[in-house]
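Heads up: the structure comes next, in C-alpha cells.
First chain written, first letter: the chains are A, B, C, D and E, and each begins at residue 1.
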Amino acid sequence: ACGDNTASTSNGGSSSTTKSEPISGDFQGAGASSQQAAVEAWIAGFQGNNPDAKIAYNPSGSGAGVSTFLTGATAWAGSDKALSDDEVKQSEAVCASGAAFDVPVYISPIAVVFNLKGVSDAGKHINLDASTIAKIFDGKITTWNDPAIADQNKDLKLPDTAITVVHRSDKSGTTQNFVSYFKDAAPNDWNYDLSENWPNSVGQGAKGTSGVISTVQQADGTIGYADFSQVGKLGTVAVKVGDSYNEISAEAGSKVIEDSQLDETAKGDNRVVVKINHETTAKGAYPIVLVSYAIVCPAYKDAKQGEFAKAWLSYITSSDGQKAAQDAAGSAPLPSSLTDKITKSIEAIKTK
Amino acid sequence: MGQRIDVNHENIYYGDFLAVEDVNINIEPNKVTAFIGPSGCGKSTVLRTLDRMHELIPGAHVEGEVLLEGKNLYDKDVDPVSVRRDVGMVFQRPNPFPTMSIRENVLAGVRLNNKHLSKSDADDLVEWALRGANLWNEVKDRLDNPGIGLSGGQQQRLCIARAVAVHPQVVLMDEPCSALDPISTLAVEDLINELKDDYTIVIVTHNMQQAARIADFTAFFNLKAVGEPGHLEYFADTTTMFNNPQNEEAERYISGRFG
Amino acid sequence: MGQRIDVNHENIYYGDFLAVEDVNINIEPNKVTAFIGPSGCGKSTVLRTLDRMHELIPGAHVEGEVLLEGKNLYDKDVDPVSVRRDVGMVFQRPNPFPTMSIRENVLAGVRLNNKHLSKSDADDLVEWALRGANLWNEVKDRLDNPGIGLSGGQQQRLCIARAVAVHPQVVLMDEPCSALDPISTLAVEDLINELKDDYTIVIVTHNMQQAARIADFTAFFNLKAVGEPGHLEYFADTTTMFNNPQNEEAERYISGRFG
Amino acid sequence: MSSQDTPVMQPAGGKTADKVFKGIAYACGILILVVLAAVFLFLFFRAWPLIGGDQSANSATISSFTGGKTSSFWGYVLPLLFGTVLVSILALLIAFFISIGIALFISHYAPKKIATGLSYVVDLLAAIPSVIYGLWGGLILVPAIYPFWNWVAHYLGWIPLFAGPAANPQRTVATVAVVLAVMVLPIITSMSRDIFLQTPTLQQEAAYGLGATKWEMIKLAVLPFGKSGIVSASMLALGRALGETMAVLMILSPGLTYSIKLLQASQNQTIAANIAAQYPEANDLGVSTLIGTGLILFLITFVVNYAARKITEKASV
Amino acid sequence: MAEATATKKKNLDGAPVIDFDKFRPTRSSENARKRKDYFMTGLIGLAFVIACLPLISVLWTTIVNGLKRLNLNFLSYNMTGVVGGNPTPSGGYGGVVHAIIGTLEITGGAMVISIPIGIMCAVYLVEYAHGGKLAMTISLLVDVMSGIPSIVAGLFAFSMFTIVFGPGTINGFEGSVALSLLMLPTVVKSCEEMLKIVPNDLREASLALGVTKQRTITKIVLRTALPGIVSGCILAIARVIGETAPLLMTAGYISSTNVNLFSGQMTTLPVFVYQEYSKLNANCPVHATSACVPTIPMERAWAAALVLIIIVLVLNLIGRVVAKVFAVKTER
C-alpha cells in the first residue's frame, strides 16, 4: 500500500524450510508490548517470504491481547503470561476445535539498571545477590554505600547517595517476572504476593519500560528494571548465580531457560509453559528473564487463519526468526531444549 | 396600493405585564400616520403588533383584533409569515444583512423565499426598489459592494428599498431617522413623502417636528406612570394635533412641557 | 463650590479623524451650561474632553487647552485620575455597578481613596449624597439591595449620587434623561436645578425643551456635512438662544427646521 | 416593474421545511441527552459486577490492583478520587491567576496589535495535543524543575504541602500540576479574554469617571462583569484537568494515599491515568472495576459542573 | 407635578453635614494607589512572562527535536518493514504517512458526526428553546459532557461497537465516534455563543420580510455567524486531534497504511508518538553498521509531534482564512 517500505529481505527466502504456498491475506495479532520490536522484525521477515500477507500487531498489552484473542478478532495473541485455566476454557468457544495453547516465542533478560555518579557513568557494573536486590527494591537498603552492597563490590568506591527505586506504575508482565525472581531466589526478603502490579510504595513508579528508563536517566542514585534492549548507557547489575556474578546478556538469559523445566501444572493440550528456574546455578546463566508467549488455536473457523498461524509460528520460532528478534530486540534465542516441543505443538495446528 | 388597518380593543402583553391597553385606531390607506408620545408609552409595541412581530418575543401576546382590509391578522388560519410579507417593516437602527451586497440586500426578501428570478427580472426589481427608495443614483455603480459599507442614511434607505421590494401593502417604520444625521434624515423624510402614493405608512417618531412635517394623521400615546400600561390618548389629523389639540395632555406634550 | 472651565482652541481627534474643530468656550461656575446640536456634531466628544475621558479611546487625542480654574488639564504633570475625581461624569444610560448594593454604589468613588471608612462616616455620606440626588426617601429602607434593581430614573439619580459623593467641582452629564420616562426626567431635571448651587454643571441634551427649561447658558454645535468636523456654532445665554438667537443656523435648528 | 395587487395574505410556502428543520434541531438537542444517558448507563452496566457480582472475586481483583493494600472498592477509588481532585485543583489554582493576568494583559494592557498576535498564540496553544505535553513534561520539565522544588522543600518545607525531601526525579503531584496548569492555561485565558473584552464600556467609563486608576477600574467593572464567565472557564479547565490522561500517565509516579506532600513521589494517582495504566493488562472483572472508577469520575464531573452552574446563576442575578 | 416648583424644598434639608476635607485624598494615599496600579501592571506583565516560559519551552523542544527527522522521506513512508534502528531501503527510518492519513480520516469522521449535530443543537438552544427547562438541562449536560474523560469516551465507543458489530471490532470509524463524543460539547458551546451574538436586528429584519424561520436561520443567522462557527469548530477539532488514550482502544495501531475508515486498524499521529515513545530505544545488533540509530524511536516521536503541531497550526490558519473570507462587518 501507499508508503510501504519494500520489505527488507535480509533473510534469504532460500534458507526457509517452508515448502508450502506463500500465505496471503490480512492477519491481526495483539498483546504484549514487550514483543513489539521483535514482532516488527518478524513481520518484515515473514513478508519477505510471503509478500502478500498483511500482518498487524497491536501492542495493546498482554491482558487486552488475550481478551481480544478470546473474542476471535485476532489470529494470535502475544502475552507475557501463560494462559490461565479459565482462559483456556473460554478459548474453546473461539477455536474451531480444541482449546488454545501457548508456546514461548520471545525470551528477554530483564536488566537491573542503575544510574550512579562515578559508577554507571564510568561504565562499571555492580555485583549484587538476589537478597540484596530484593532488599533494595523493598526499601530496606536506602543508600548506595550500605555495607550489604559495599561488601559485594570491594573494588568500587560507592558514594552515600540515597537510592531511588524506580518501578513500573502500570500493570506489567515485566514486573511479574522480575518479582517472581525474588520470590524464588530470596523468599525471605520478599513477602508480597505475586502480581503484575508493583506491590509496595517504595521509590517511584513510571509508565512503561520507556518511563522507567527515562526516570532512571533523570537522577543520580536511581535503580530500576527494564527489558535488556532498552538499557542504553545505564549501568547494569551483575547477578549472583552460584558463586559468581554473571553479567546480563542474551546468551546468559537463554541459559537459565535451558536449565528450566516445563510447568506441568498447565492444563491443556500442546501447551509449552516454562517454569523459570530462578535458582539456577548453571554457569554463565542470568536468572532474571521474561518469557513471552504466542497464543494460538489448534484449529480456526477460517482455515486461512490456521494456515497463517502455523506458518507464522513456524517462522518466528525458527532460528531465522529468533535471529531476527535478537537483532531487532536484543532478545535471547530459544534454547534447543524447547524448540522440539514447540515444533511439535505447532504441527498440531490444523490447516484444513 | 396601500391597504387600511383597523385596530379594535387591542391589549398587548409581555408575559403577564400589560404593556398597552385598549387601543382603537383606524389607519387610512395611502396616508402617513405618525405615533408620538413619551418614552415607554408603547409606540413601538403597538407598531409591532401590526405585522405580528410582537409575538416573536417569548411570552408576548395580543388580545383584540387587527384588521387588514377587514381580515383579522390574528385569526387562527392566518400564517404570520404571510402577514409579514404583506406588511413591511423598517427598524430604528438600519440593519442591512452584513453578509450581502447592496443588490442582494434588495433582493433578500424575494430570494430568501426561494423564488427564482431571472437575472433581468432581478435587475429590474433592484432598480425599481432602489429608485423608490431614492438611493439608485448614489449606489448604481457599486451594487455589488457590501450593504454595510454605506453611510447610515443610505443604509436606512437601503432597508426601505429591501422592504418595498417584496411589494407590501403597508410599511411600518419605527423611529427610522433617530440614528441618522440631519441630512440623511431629510432624505428619508422626502422618501416617505413619496412612498405614500403606493403604500400605507405608519411611522413612530420621537421628534415632533418630524411628525408635523411628514404625517397626515398623528396618534399620541401616553402612560399614566411607569409600570402602568400605556394607552392611545389622542388621535387626530396632524394639523389639528399640532395647532389645536383637543386634549390637554397632548397639548402639554407638544408644547414641550414634558418628555 | 463649582469651578470655571475655559476651553481654548481645542481640536479633538479620533486617530487621524478630526471630529471637532477649534472649540472656544467659557463655562461659568455654578451655572448649568447645555450643549445642543444635531447628532454627530461632537457634543459628547467635547464633553468628554473636559475630564480627559476622551483619551481612553484608543488613538484619541486632543490639541489646545482646557483650563479648570486656570490650570490646564492637559499639562504634562496632571494626572488624569485626579482630574476625573474633580470633574464628575454622568452618562447617557444609567450605569450603576451591577454587583454592588445601592449603598456600595454611592461609596464606590470615596472608597478608592479612603480604604477604611468608619461606618458612621459612610452612613452620613450615603445619606448626604442620596438626599442630594433626591433619592433618599425612595431607597432609604433598602440601601443594601442591588443598585441594578431600581427603575431607570432611580438608577440615573443613583449615578448622580455616586458622582457627587466624591465631591467634585464640576459635574458633566451626557444626555442623562434620554433613556428615561417623563416622570423620571422631571425628577432629574429638578435635581440638576438644585445641584448648580454646589457644582458647575455641563449637560448634553438632544431635547431643546429640556435645555430651555434647565440651562443658564446654551452652546449650539453644528457640522457642515457628515465626515466634516463639528464645531461650536453659537454660544449664548439660554434666553437669547431660544428667543432671539443671533445665528441663522441656530435659529433654523431651534425652530425645528432640521434635526 | 410596478406594484401589483396581490390577494391579501396568500399562504406562504416553506411551512414543511420549517417544521422539519425545527424537528431536526429538537432531535439534536434530545440526542445530547440520549448520548449522555447512554454513556451513563453503559458505565453503570459495565460496572455492575462490582455491585451485583461475586464479591470475593471483586476483592481479589482489587487487591491485585493494589498489591494487596486494599480489597474494597471504596478503599481503592477514594484515594484515586482524592488524587484526581488534588491534582486538578492545584493545576487550576496555578493556572487561574496567571490566566486572568494574561487575559487582562491582552484585553486591557497590551497595545491592540500585540494583543491580536497574543490572542492567536493563545488559541494555538490551546490546541497543543496532550501527548506532547506529556513528552515535554516527562522528559524536559521533570529534570529541569527539580532544583526549584528542592529549593522550595528546603525553605518552605515547614508548610505540610511542601514537606521534604523533594523527590528526585520530580515525578510528583507538584510537577504534574504545573504541566496540567500549562495545559489549561490557554483555555481559561482565551475564554476570560473574550469576556473581558465584552465588559460594557459604560461600566468601565463609570469607574474611570469616579477617578479610578486602571487597576481600580478593573476591580470595579471588569472583574465583576467577568465573574460568571471566569467561573465557567475555570470549570471547563477543571473538567479538562480532571479527565486528563496521557500527561498524568507519562509523568506522575503514582501512589494510593491521601497524602498532600506534593513534592514527594508515589503519593497520589488520578482516576483517568489509572484507567489507562491498568486497562491494557486487565481482565474482565478488572475492566469492570476500572469502569467503576470511571463512573465515579463522571459523577464528580457532573457535580462540579452542576455546582458551577448554580454558582454562576447566583452571581449573575 | 407642576406644583413641584411652588413648594420648593431643598434636597439637602435634613441631610447630615459632611466634612469633605476628611475624605480628601492625602498625598500618601494617592501615591499608594498609584503604586498599587504600577504593581498590578507589573504583576500582570509578569503573569504573561511566566506563562510564556513553559509554552515557549514546549514549542521550542518540539521544534528542535522534531526537525532532526522531519523530511520528505519521513512524510512519504509508513512503518512497514522498519526493523530496529536500521534504515529502510529508501534510506529513511520509516515515516508517518499512515498516521497522517489516519489522523485526518478519523478526525474528519468525528467532524462529520459532531459538527452538524452540534450546530443543530446550538440552533435548538438559541433559536427555538428560549431558555426553557429542557434547554437548561441540555446546556448543563453539554457542560457535563465536556468533562467526560477521554478514556471513558474510548471505552464507551469500544463497547458500543462490540455490541453492534461483534466483539473485538476495531476500526477508524470507532475512533471517530469516540472523538465526536469529546468534540460535541465544544462545538455546541462555541456555536451557541456565536449564534447568541448575531444581532436580533437581523432576525427581525428577515422575519419582517416574510421569510420563514428556517430560512432566516439558515440563510441569515448561520451565515452571519459562520466565521465564528468555523473558528469554534476548528477549536473543537484541535481539542480532539491530539487524543491518544481513546484511540488506542478504538482505532488500534498498525504500521501499514490503511485508507479505509470503516475496516481495519488505523494509526493516528498522537498514538504514533506515544508508541514510539514507548519503544524509547531501538536495538542495534553488535555487527550493525553506523547507519543503525538506536535513538530513532524518540526522534520519530518528536518529528511526529512536530507534524501534529504543524497540522494543528495549518488548521488554525485555514480557520482564520475562512473567518476572514466570510467575515461580517457588524459596525460601520
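By our rule, a residue touches a chain if its C-beta (ideal position, glycine included) is under 8 Å from a C-beta of that chain, and two chains touch if they have at least 3 such contacts.
Here the structure is a predicted model, which is why all the values come from computation and not from measurement.
Counted as hops between touching chains, the shortest connection from chain A to chain C is 2.
By C-beta pair count, the most extensively touching chains are D-E. When every chain is represented by the mean of its C-alpha atoms, the one lying closest to the mean of all protein C-alpha atoms is E.
Relative to the C-alpha centre of chain B, the farthest chain centre belongs to A.
Per-chain CA centroids place chain A at a distance of 84 Å from chain B.
Chain centres here are Cα means. That of chain B falls 34 Å from that of chain C. Chain A and chain D have Cα centroids lying 38 Å from one another.
In whole angstrom, the spacing between the mean C-alpha positions of chain B and chain E is 45. Multi-chain contact residues of chain C (touching two or more other chains): 81-82, 85, 112, 166, 183, 186. Residue positions of chain A with contacts to 2 or more other chains are 33, 60, 64, 214.
In chain E, 1, 33-34, 210, 212, 215, 249, 277 are the positions where the chain touches two or more neighbouring chains simultaneously.
Considering their complex, residues 76-84, 86, 88-90, 92, 94-95, 97-98, 101, 162, 166-170, 248-249, 252-259, 264-265, 275, 277-283, 285, 288, 294 of chain E touch chain A. The touching residues of chain E, when paired with chain C in their complex, are 1, 4, 10-12, 14-18, 20, 22-25, 29-30, 33-34.
Residue ranges on chain C touching chain D, taken from their complex, read 51, 53, 56, 58, 81-86, 88-91, 93, 95-100, 108-109, 112, 159, 162-163, 166.
Contacts from chain A toward chain E in the complex involve residues 1-8, 26, 28, 30, 33, 36-37, 40-41, 43-44, 47, 54, 56, 58-60, 64, 68, 71-74, 208-210, 213-214, 229-230, 232, 324, 326-330. Residues 1-6, 8-15 of chain D touch chain B in their complex.
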